[in-house]
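Consider the two complexes below, in which chain A is the common component and chain B and chain C are the respective partners.
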Partner chain A sequence: MDVKADHIIDARNSYCPGPLMEMIKAYKQAKVGEVISIYSTDVGTKKDAPAWIQKSGQELIGVFDRDGYYEIVMRKVK
Partner chain B sequence: MPARVLILGDGDAGTIMANKLRFHTSRKDVEITVVGNSKNHYFKPDGVHISFNMLDYKKSVKPTEFLFNYGVNYIADTVTAIDVANHSVKTAGGKNMNYDYLIIATGDRFTPEDIPGYSESARHFYNLDHALELQKELKAFKGGKIVIGQASIPIMCPPAPYEFTFLLDEYLNFHGLRDKTEIHYVYPINSVFTIPNVADYISKKMEERGIITHTLFNVDSIDPKNKKVQSLEGESVDYDLLVMIPPHRGQKVISDSGLADDGGYINVDKNRLNYKDYDNVFAVGDATNLPVSKAGATAHFESQYLSNKIAADTSGNVYNELYEGDVACTTVTGYEKGITLFFNYNKPPRANFDSKFDYFLKWQSADTFFSSMVRGIA
Partner chain C sequence: MPKTMSIVLASGTMDKIMAAGVITSGAVADGVDVNIFVTFWGLLKFRKNDNSISKLSYDGSEMSDLIMRKMSEKHIQGGIEMLRTAKEVGNVHVYGCALMSDVLDIKKDDLDPIVEDIIGVSQFVSMTEDSYNTLFI
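Coming up: the complex of A and B.
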């Protein structure tokens, strides 16, 4: 991934729906065009966060497997 | 000289904590003081039934000061500042109180101001006044579109929105209004409840009953003039009656004292309930940001752990047990239908079948609560 995140949320070891709520909170605070990255160990978030990004019309940059966790990256487009 | 235990808050968590600790310690070893400002203790889970006039609300309210066991000092006052570094607490009444152990049980508060338009149009049943107001609205309701939801996560008693939804379905059927009413249920995440297997069970029942669900619906604003709820995700649902649990935050004094996260809740150790590196500052009940339901049933198990720990500490013993996130919660899934959910951090609850026994357990739970649970007996 060569996109630099403007906001990084470390929600590792936080349970559902914590990571998704953290991502939505970051989305509210971010400016249009900014990139938000969230780290999570919660399995459900891997499915729910992209679903939220799609439903809210934001851009999903990617879901990446990392060492013991995964990273979801999105761009706020509106 | 006895160890001074100071408990902030006189709701479920503060009261159960004080009474349990009194059972587990002698007055020679431990002095227990509770500071709170509630004139009455309202048993909130009854709000669902009170909305449908299925319970006499007078049974759900008791004077706070009479709920404490002999040997618990109760001070009716409001906490204005907490200084954990100097082991002191200030109150609006001018008291400056010191402690050996501090237990924060200040609960949460409603923040309707977080959602534009909320106060002008939304109804809920999370306190007695609103439950009675909603009861009047339901009596006057002649059909249309009812939208039920919650304006934030977390909220107290997470099953309450679905409990209300199922009882509403049966209430409308009973009054011959179901075929004239659309019921819409909106929920912030990608399912109808936060715990996956309970969500599957609830979702299936909603589908069977013709309840229309909208998931990933985070309430952004409410337009009272045009009667529309707008989500952050761009979806809009109109309504004739809106039953929306208000946004919650932790108490302001917790944030003002520098103890809170963004939501106003206290970050405590999930197994030991202590705040940061302090071994004499704890939080129980809704005031914590633990990944567990905000409910009296949670406070009950947390208080069990913490009263055992403090009893051991103050008598020179070692207590090696941990709090594992235990919760036991009885919820309504329809008229004379209920399920009891037992779970902890590592074991999710089972939700397999409705039980009439569980329904009545919930329906009369104020009696159980006031006669034993709040007294620290159960």
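Coming up: the complex of A and C.
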């Protein structure tokens, strides 16, 4: 992944709905065009967060498996 | 106009308060506004400095120790904290029940600051007119 995140949220070891809430809070504070990256270990968030990104019309850059956690990267488009 | 959901939270057990917190979180993530009317045993647990949300409902009472231990080990956010987070994400309004406040001499200042007002049931019911559903927890 060569997109640099403007905001990184480390929500590892936080459980549903915590990581999604943190992501939406970051989304609300971010400017249009900025990239938000969230680290999580929670199983539910891996589905919930991409679903939220798509439903709200943002850009899902990707979901990446990392060492012991995963990373969801999105761009705020509106 | 955003959709609205209403919740009557009458229970003071951990699982029920948490259910209100989780459902409210899901609602605000989906752009739904939430009005919550806290009454009876729920209202007791919204008093400031009341850290005694330590019981489960009867259905889960035999697993109480295990659940409480797991929740603590995994640092699961409590129901009221979930509501606080949900309020940062979307429109969440929490009201205390006037009747229960009178019965127990609870003033607004005695309650957690997330409770924005003490209102009567008819005011709450009028809010539910525009809700697409109302849950009783």
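Rule of thumb we're sticking to: the second predicted complex is superposed on the first by the 78 of 78 C-alpha atoms of A that agree within 3 Å, B and C clash if a C-alpha of one lies under 4 Å from a C-alpha of the other, contacts with A are read in each partner's own complex, and residues count from 1 in each chain.
In the analysis below, a contact is a pair of C-beta atoms (placed from the backbone, for glycine too) under 8 Å apart; a residue touches a chain by one contact, two chains touch by 3 or more.
As the structure is a prediction and not an experimental result, all values here were calculated from the model.
Enquirer: Counting residues of chain A in contact, which comes out ahead: chain B or chain C?
Expert: Residues of chain A touched, chain B against chain C: more for B.
Enquirer: Touch check for A:W52: first (chain B), second (chain C), both, or neither?
Expert: both
Enquirer: By the touch definition at the top of the document, which applies to A:M21: first (chain B), second (chain C), both, or neither?
Expert: A:M21: touches chain B and chain C.
Enquirer: State whether A:S40 touches chain B only (first), chain C only (second), both chains, or neither.
Expert: Neither partner.
Enquirer: Share the list of chain A residues that count as touching for chain B in one structure and for chain C in the other.
Expert: Residues common to the chain A contacts of chain C and of chain B are 14-18, 20-21, 24-25, 28, 48, 52, 55-56, listed in rising order.
Enquirer: Could you please specify the touching residues of chain A with respect to chain B in the complex?
Expert: 14-18, 20-21, 24-25, 27-28, 44, 47-48, 51-52, 55-57
Enquirer: Quick one: which bits of chain A touch chain C in the complex? Just the residue numbers, please.
Expert: Interface residues on chain A, with respect to chain C: 13-18, 20-21, 24-25, 28, 48, 52, 55-56.
Enquirer: Tell me, which parts of chain C touch chain A in their complex?
Expert: 22, 25-26, 28-31, 74-77, 82, 85-86, 88-89
Enquirer: Per the contact definition, I'd like the list of chain B residues that touch chain A in the complex.
Expert: So the residues of chain B in touch with chain A come to 153, 188-190, 194, 196, 216, 218, 232-235, 262, 291.
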